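For reference, the structures are reproduced in the following blocks.
Here chain A shows up in two complexes: once beside chain B, once beside chain C.
So, the complex of A and B:
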């Protein structure tokens, strides 16, 4: 491919200019790195011990900054709604190509494993690296694999909507439970004994919320992927 | 009562929309209005209780966790937003039979997400939390803008999306730098330590914040997208953009500014930035023949006026800013809703069509709104402009005073032109039906413009208190982190 012919000079010079600007900015920024290497997370580490959760990142994401996570879920929810609205599913036109027999068999075999792995990452989010966001995306990637390999595969729209609705509503309701019982929204109202740290049943409300996040992310991402797939490129 | 309800309830409603839309054809619309009414009731009861500023913690204590601060100033904005959103939903219900949106359930979801995000922006005391609400408000606004999926709407949605994305990158970068240097995301902690940072870092963060928010508060070089977005979106949605969304961004921008830069280092720069955006917007507005674009330019001018008032950083001027915020929100809401009523037959009206339309009621209502926007005595718009001019004169800022007066004159030229078209004698062929419900919304908006204008003292004390609270940096820090 001849770059000069395919890409206009204006675009190329635009890219070059942005690269120079970005490099300049980074050079300037590097000069003003804070000298005292304060460790901003230490205070959070100390607080984490009270919650009995082995994975500190999970505590921070789900509990200490729980409202941000709720907000991010809302962002994803609206984004998926927007994709659905702008590319309304049209059953008449979808990806036409029939995929290879081997891909079909392999993906059918792989899908349950991907699903299982996604659920594992989701459920063990408070013990090991991973969690709701990652697990949800893994599940959605499994759905994407099936969408690519099977011409007629489709997750029913109602199933996706049911999952996302139940997950979203129960997230906010758990928040309200905290408000009722502990006087703070998203409070950890389920007993969480520090002695249980590292067990599957520990951390009170935190793993529960992360699983809900996982369901929400998984269904939203599957919905987005499916909406995008159902458009053929000639529209 | 908990201030989290203002955010959590609309979010819950948004998530539960698919469930509610199964309950019946009208269940969704009615529950949405009911929820907004109850939020309005909650805000009013908080107003009457008139307690001092309260902090509500989420999960953990203030410096590390997220908290919502309900002060007189933020309560004022919450009250305004819930009131306008309730009126909006009621108006939509009244004209729904004739003019319902496609995919209505999604429309309601977006409305409530927008409400939750605007309130969140105003209440939150955590800069990353503010960023999250910034995104929610942004994305719902992009989709609402492109909702009708006509060529113009899609263009405006895309334009809005691109500028919004650029804005949020700048804001995110500012937040990263702040976290790197201060080690906290809490506004109070940042405010305490911001002055101790090296000058260049302070400058960089301030610039990034200014650019990030500048797109959203529509100041001069960064507002090129606004009129196109207004033209592409439906008038109904425009009412929300100019009545609620931009006001939330203005409030949060100046809230952060007062906290971080108490000495007013950039005051002069910001004042002239506002003055220039005002003049540019009004001059550009002169030549417009499309009603939506015209109102968009007038919105830009008024928002710049509010920007100048907030940038003055003294109690009288901020009080004036609140007056103009209220006046502009109510009046622009009226104008855009009236435009929506007129537009049932045709989108993107040319101003000449005002000569054809036969609807004395809508004409009178638009007339009232325009008079208030122009700052004619007896309307609340006058009170705001008068207080602002007074405080400019007291501070001896004559150049700016002249700028404001000139901008008002230019605005008067095109509004008088419109009024002339509306009073035009001749045959009026197009009859526009306005239902009783719609009329009630317009009358209540118009009456509030008049009543607040005739009795400004009824809210002046409250607004002054709000201005004091918003400007008082030390009280805010003490409240959140103690001592």
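So, the complex of A and C:
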């Protein structure tokens, strides 16, 4: 069997061109490995000692790049809006069968603990690994557990909308208060003593914003999983 | 026996090659699979390759996490916080895009009953 007859020349040349491109890319990437150069975050690490919180990643996300995080929240909101518009929640088409008794009891028992853990991750986001995004996703996973275990469980739509609206509006309000009081959007207008770094009440506006982000992410993710679970199963 | 693996050059070369392999696995799936959900899964695989590349290249074994506490107060011994913050942003955006795409796919399937991207020709004149 002749291989040239089975595989077209265009395919072979395409493979050869891809191989050349891949090898070039690998060579470039390996030649410019960042081994001992000046790092991007060195200046921010130094700046964090003067006006930051203990978790430097939190300071970067919420304070140095706070406006970017506001845009990210807006993207998440638009995605949640799109999912809600696409998948109209159909209350008649829930899960058909009642789930196991053990699953129901265990999820009822576990849900408060998951909620508490999510709130802990959210509130201590400026001191330890974690933060608003992670805590919000943990809360949404608890809601998902209840959705798959209880047939008639549903987070009321008004509750999700209320949390989401309050969180989004208060983020922008905090930003504008910084603009009014300190001439910078999202400025740290709450008095924050840098000697308190590592305490729960420290960092001024930074933990407040991350808790707001957590509430917004939690409500939006809960809405997304609820819309995806309650799709109609016909067709 | 495997001490040479601890050198930063070796670690970063392995990270680069592994991330590129994962990226091309995702690219192969994106180009060859016809099912729309598999296409979204391939995009997610490519995204995770980029996350691994960023985090792996900025990671240094001898340095600690960028969290100041009672024992770690020197910023010179900390890892770079910028790539971690960027990847935190990128993960959230990737999740949002994936959820929106899957919901589009579900609604399209409910309307037309099609899942193969070859047969999606409603917009063709």
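Methods note: the second predicted complex is superposed on the first by the 198 of 235 C-alpha atoms of A that agree within 3 Å, B and C clash if a C-alpha of one lies under 4 Å from a C-alpha of the other, contacts with A are read in each partner's own complex, and residues count from 1 in each chain.
We adopt the following convention: a contact is a pair of C-beta atoms (placed from the backbone, for glycine too) under 8 Å apart; a residue touches a chain by one contact, two chains touch by 3 or more.
Predicted model only: the values in this text are computed from it and were never measured.
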{"item": "Three-chain arrangement built on chain A, chain B and chain C clash or fit", "value": "fit"}
{"item": "Contacts of A:74 with chain B and chain C, given as first, second, both or neither", "value": "first"}
{"item": "Chain B versus chain C as contact partner of A:30, first or second or both or neither", "value": "second"}
{"item": "Which of chain B and chain C A:63 touches, first, second, both or neither", "value": "first"}
{"item": "Partner chain(s) touched by A:15 [first = chain B, second = chain C, both, neither]", "value": "neither"}
{"item": "Which of chain B and chain C A:129 touches, first, second, both or neither", "value": "second"}
{"item": "Partner chain(s) touched by A:82 [first = chain B, second = chain C, both, neither]", "value": "both"}
{"item": "Three-chain overlay, closest Cα atoms of chain B and chain C, distance in Å", "value": "6"}
{"item": "Shared chain A contacts, counted only where both chain B and chain C touch the same residue", "value": "29, 33-34, 40, 44, 65, 68, 72, 75, 78-79, 82, 86"}
{"item": "Sites on chain B touched by chain A in the complex", "value": "2, 4, 8, 11-12, 14-19, 56-60, 63-66, 103, 106, 109-110, 113, 116, 120, 128-129, 132-133, 135-136, 139-140, 142-143, 146-147, 149, 177, 179-181, 183-184, 198, 200-201, 204"}
{"item": "Residue ranges of chain C touching chain A (in the complex, touch as defined)", "value": "8-9, 12-13, 16-17, 20, 24, 57-58, 65-70, 75, 78, 80-85, 88-89, 91-93, 96-97, 99-100, 102-104, 106-107, 109-110, 113"}
{"item": "Sites on chain A touched by chain B in the complex", "value": "28-29, 32-34, 38, 40, 43-44, 47, 63-68, 70-72, 74-75, 77-79, 81-82, 84-86, 161-162, 164-165, 168-169, 171-173, 175-176, 179, 184-188"}
{"item": "Sites on chain A touched by chain C in the complex", "value": "22, 25-26, 29-30, 33-35, 39-42, 44-46, 48-49, 54-57, 59-61, 65, 68-69, 72, 75-76, 78-80, 82-83, 86-87, 127-129, 131, 133, 197-198, 217, 224, 227-228, 231-232, 234-235"}
